[in-house]
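Labels run A, B, C and D following the written order; every chain starts at residue 1.
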Amino acid sequence: MGDIWRSNQREVIAVIVLAILLTLYFSTHPSGPTTYVMTIWANQCLILGLAAIAQFFAVIVRGIDLSVGAVMALTNCIASYLIIGTGLEVAGGILVVLAVGITCGLINGMLVVFGRIQPIVATLATGSLFLGIALLLRPTPGGSIDYDISDVMTLDIFGIPTTLIFALGIITFFWLPLRKTGLGTGLYAVGSSEQAAYQSGISVEKVRLASFALGGFFAALAGLFFSFVTTTGDAGIGPNFTLNSIAAVVLGGVLLRGGIGTLTGALAGAFILKTISSLMFFSGLPPLAQPLLEGLILAGAIAIGGADVLRVKNRLEVFGK
Amino acid sequence: MVLSSTPVVRLSGVSKTYGSTKALTEVDFSCFSGEVHAILGENGAGKSTLIKLIAGVVQPTEGKITVNGKELVLKNPSIATSHGLVCMFQELSLVPDLSVRENIMLGAPGTGFGWLNSKVVPQAESILEQIDGAHIRMSMRVADLTLAERQQVEIAKALTRNPKLLILDESTSALNSSVVEKVFKLIRKQRELGVGVLFISHRFHEIEALADRISIFRNGQYVETFDNGAFDYGYIISRMVGQRIDDIFPPKKVFNTEAEEVLKLDSYSWKGGFNNVSITLRQGQITGFGGLDGQGQNEVLLGLFGLLKNTAGEIQIAGHSVKITHPKQAKAPDLGIALVPEDRKTEGLVLEQSIARNLELSALGTKGVNALDPTIYQTFLEALELKCNSLDQPVSQLSGGNQQKVALAKWLALNPRCLLLADPTRGIDVKTKTQIYALLRRLADSGIAVLLLSTDFEELIHLCDDAHIFYDGEIVSHLKGSELTAENIIAASLNIQTGGEVHG
Amino acid sequence: MNNFKRLIPDIDVLVPYIGTLLLIITGSVIYPQILGVDYLAQQLQIAAFLGLLALGATIVILLGHIDLSIAWVLTGSAIISTALVGTGDPILSMLSIPIALIFGAGIGIINGLGVAVLRIPSMVWTLSVNSMLLGISVVLTGGFNPKGEASDIMVALATSQISGLPLAFIIWMLVTAALVLLLKKTSFGRYLSSVGYNEKATLLSGVSTPSVIIAAFSIAGICSAMGGVLLAGYANQAYQSMGDPFLLPTIAAVVIGGTSILGGRGSIAGTVGGVLFITLLNSILSVMQISDAWRSIIFGLIIITMLLFQSLRKKRT
Amino acid sequence: ETYHPECFVPAPGTSIIEKSAKEGPYKIAFVNGFAGNDWRIAAIQASKAWAARPENAANIEKFTVVSVGNDSSAQIAAIDNFIAAGYDAITFIAVNPTAFEPVIRRAERAGTVLVPFDNVLDSDKIVQINESQFALGKLKAQTVMDELGGTAKKILMVNGLPGNATDRDRRLGMMSVLEKVDGLDIVEVVGNWDTGTSQKVVADALATHGQFDAVVSQHGSAGTINALQAANHPIVPMGVDGENGVRMLMADLKIPGVSAAQAPAMSAVALEAAVSLLQGHSLPQTVYLPIPQVKSKNLQAGVNYFPDLPKSFNTGTGFPSCFKPFSPQELLGQSIDNT
């Protein structure tokens, strides 16, 4: 029991923080938690949430992905050409978009695994590459996304935001099962101790590649939902999401040194981050003071994670084991 | 003991070189099913390399490996495991951030990316019970386990892989004798089942107790194989080292109980770690810390080196009561405390940096020491006979024994008043041990006070003037002189009260 | 073997310099003026701004950390220094540069405290410090709209020349020399890479690792502040987000220079090369009027090529 | 009566939009994108200065300003939230010109008035307030060509932030003039609307392309002028932006040409348009505000530029046809408090 708490406390804390912020938000919101308000909130949370999941798959294997935003931009631009027309064309378009995401992820993965380049720099470079391609496709924002599919994905089902259902679906039908597979455990093994993983018979290279591919896949999903919300293509969307996805995973209790944290946590972190920004809408705060306040809250939320270090009684413990 | 005709593994003409290092040269070696085959050799003799070859961790530069008669290329550990070649590595193959359960299932044959096979878990649990590991819960994070507990899990993990050849590379180095005995029971059972066992240890009494046959390696070359008991220690050691070593331990001196006090602890305590520790350490005294792994003895050393916050009780250095809050303060000449930590690879050394850089690191910024003057390390490196190409060689390229010599020398150069050692000879070969023992004796005679934490009671008996045995964070017995016997130490470690001055 | 091992970093250091030469040569085929003294001098001047930031970033990256607050430390110090000059008060304008540098050091200390004491990953801590700085400067600018003015000294530092060499470049080189000495000759330099490789072992060697980390971050802060002061002198004013275009190029310059993002291994000399390379690459792509899209594609591909070259060569040895 | 029809100059060929009148006072929100930029800070200040003027305050029950950063999905969320909260009108600087179709539909349904400005939408369904970006570019190019008597060999064009509709239109405006000049060699560099960046790229252009007969710059023109100075480039006609520092330089150096501002004060016009619509007045769908501009010969300290204000201060402090321009003090008077 204690062990289960210990191994999940980071996520639990993140979820509690989220709950508090959310109540705060809805209490400041003139119209309260109506389906409409919930849907707006869930939509933008999920976009960053998916970006954070993409980041999670890089971080969990001791990497970092600075191309998340660029992959979103690229897939968003592609979507703005392909996701339109008959149901079949739309479906095909979605598949292409996801395939592109996986490809980008694999390119990152191969540079890291075979090219032996540190993930952070490899993705810094590929990010610039992907962004360039996105700009070729959409020198200025434009194109459009099929409104029907957009509505289906961004409205609600029986009063529950579709995006929220989607998020829960990812956790229950993708993450929890994955955790019980060799791949799922391998991710943690590689991130936690590459040598131990290797000696235990894990194919470190395959796991890394798979992890980056998954990252690319979720970055593409993020780009896709961004497309559903904005119904257009824009090569300029990247920068925010790359840095915020990193902040999000950390808020969600994922350790940047790899091997610790969960997809659920990453999602929660993203939801926290977006809820903080939403708090500004009806906070009645001076407009020019809002960026500062937002920064302070973010720093505070992150610092809370650091606070318990002060309670550590053995200096060596702060280095983790 | 019946030997089947075809060996489980046979290495023929196998060589392994790392860059310029020849780890193994032209080795012909076989291990048969149903035998426990011990491998002896100094640090860097090539033992780990040998078993890494068999376990598929590294591939031979030359020569071939045959398994049950079939010649195989063992591209990676999972292939080796699938042929029943199962290894307990010296650097444990457990993933710190995963639970014990997940570690047990991790990489089990046939898993791949697919579903984990949970059948092995109950198996592992029952094995753990048989080796005093019942208290290790499957849900625990490996990072939270002591080294001993990890070795127990590693053993359980290996046995669930139903091995044809079981390899233990110093896999019992952190286990206390009572657990080791139980592990041996299991291993013998495996042997009865026809499993071949390769056993690497630097502890002679263990090899004597377990091995059927013994092979000796020296500088990467196979020397010879003989039945256990065929020769005496002296001979075996001479074959390992290439020279005779008559006394492993230097002769004890009767130390002067009137000598100046160096370190005095008065009911020194740390919540959740240790309690009421009171000891006195005088110039020239070598005091041992004994007991099962993780009874708080290591924490006391950490505390004395300024690594623990809010400790209670009093510390006196040379008669002055002090508060030690940081290693920087601890190493300063006015306190003169040095700590050689438990894990040389992550705590004692910066593996990526050169030997010289590592030596200088603690000397830098210490008053009255010129860190950049190589001569201050020379005497110790010579006394320990460090084996290396040059002081600019990265420490990572040294064998662990030699790594340990660097970890030791870097502190001795500060000529500390009080030297704290956390199990400095774990996984270290007999020759290196004798060198370290002799040096410690010499240092003591020169007036340094030595606090030696050890899991090897031979050291407590033969090297220490007295020993404090820890149990559950307290000193349960203080053994002096003639009281220092294996029986007393083991009894005290298990908190069965016998001879010796017993603490409340 | 060993001597060879010791050579490896040196080769890494050369890579960006060779790359820079190749750029100049290929560029000059289309624009001969690129070989001209004033174009090259100009590149050295412009490189100095990025160069100062990259020096600080190198120190932090050697430590195994990263500083994402560069952009708004630069902007902040530019705003502060110009605002002080803008007051017209001679004393304040005299103190403008020192105060701006102190500001940089101060932010560096805040960064360092979060990383060393609270153990927050530098990547997110410095990021949130950055967004707080943005917030502060928006509030102040909006609230008081201080009249900014770059002092003659700042302008001179950024734009004047001494016997054909841009003063900004000379300053950059002086700071470079100072940091090289710091790394090579002082204990701090040793501690820096030891912490970068293995902080735990360094602490256990009796080194106060928190002080090392905090010092490193404040050095980086000062470097960013110098960049801010010079850029304010160059543009003859300060303005919001003037630092934003510098973050990614800074990191790119450091890694192209062969410094390991994991900490421990790396060199100042390499970073200088990386800065020259990035500056020249951007300049030539701009001169050739290549579309933004192709610019970032080429940029990405070239960086990948250089990194592959470096890492695969190591793989072979 | 706060309605000034003369303020809302219809764009050529634009339609008329009319909404049924609503009872005031109104709840109005201004949803900005990125905040860390002097122009946007000025826009926020202008909007608050306008709302604070008594004649307007009377019509306003609640005025909220938020900045959502460079994220169109966040901006959509913000607007949706204000719609949900029953706001009567929302003005915004669009992060993306094509991302708001669905939002417009939702606003329509909820009866909320949307008024984009500065960075506007590619849409003809709602009233939009801006200066003609095309005209802004054209004006600068035309002026310098006139100064040159219609002929030139080589001209330098400093563009803005790529991938951005505003940048696209301003460039097209300049091109519409320059393309007609035969034998003209047009050198384009990307200044990202950023003073420092402009200074760098212009310096490079000068070093490699030599002298130019004229220079047109979208924004961050101070950098462009600095670079010309540093290269001892002869004074040539220029079309530049309306930042205070730019006009100072223009005056000091006697640079012929025009300083034309994309005036942040248009944030106030957008509010005025919103209120007028709510009051039932009909407005042109696309409003092209008169471009605040001054030929260098008419530059006058304290009137159209302010040596004792920051260089980054934007001189476009108002549109006389809409309301009395804000005094710098008035803009600052509205410091950071939201009441």
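Following the convention adopted for this analysis, a residue touches a chain if its C-beta (ideal position, glycine included) is under 8 Å from a C-beta of that chain, and two chains touch if they have at least 3 such contacts.
The chain list, named the UniProt way, goes like this: A = Autoinducer 2 import system permease protein LsrC; B = Sugar ABC transporter ATP-binding protein; C = ABC transporter permease.
Since this is a predicted model, take the numbers as computed values, not measurements.
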Which chain has its C-alpha centroid farthest away from the centroid of subunit C? B
In whole angstrom, what separates the CA-based centres of subunit A and subunit B? 43
So, in whole Å, the Cα centroid of subunit B is separated from that of subunit D by 73
Find the geometric centre of each of subunit C and subunit D from their Cα atoms only, then give the gap between the two centres in Å, rounded to an integer. 34
Can you check how far apart subunit A and subunit D are, centre to centre, with Cα atoms defining each centre and the answer in Å? 35
Among all residues of subunit B, which ones touch two or more of the remaining chains? 307, 347
Give the residues of subunit C touching no fewer than two other chains, as numbers and ranges. 134, 138-139, 142-143, 200, 203-204, 291-292
Among the residues of subunit A, which ones contact at least 2 other chains? 135, 139, 288-291, 315-316
Chains grouped in pairs wherever the two touch, ordered by label: A-B, A-C, A-D, B-C, C-D
So, in the complex, the side of subunit B touching subunit A is made of residues 55, 57, 76-78, 81, 87, 89, 91-99, 102-103, 105-109, 111-116, 137, 139-141, 143-144, 270-273, 299, 302, 306-310, 347
How about subunit D: which of its residues touch subunit A in the complex? 30, 32, 35-36, 41, 44, 48, 64-74, 76-78, 80-82, 84-86, 96-99, 101-102, 122, 162-165, 168, 336-338
In the complex with subunit C, residue positions of subunit B that touch it: 19-20, 305, 307, 326-328, 330-331, 339, 341, 346-353, 357, 360-362, 364-366, 371, 389-390, 392-394, 410
Under the definition above, what is the set of subunit D residues touching subunit C in their complex? 35-38, 41, 44-45, 162-163, 187-190, 192, 194-197, 199-201, 203-205, 207-210, 222-223, 226, 230-231, 245, 308-313, 328, 331-332, 335-336
Over in the complex, which subunit C residues touch subunit D? Could you list them? 31, 33-34, 36, 38-39, 42, 46, 86, 134, 137-139, 141-149, 159, 231, 234-242, 244-245, 283, 286-287, 289, 291-292
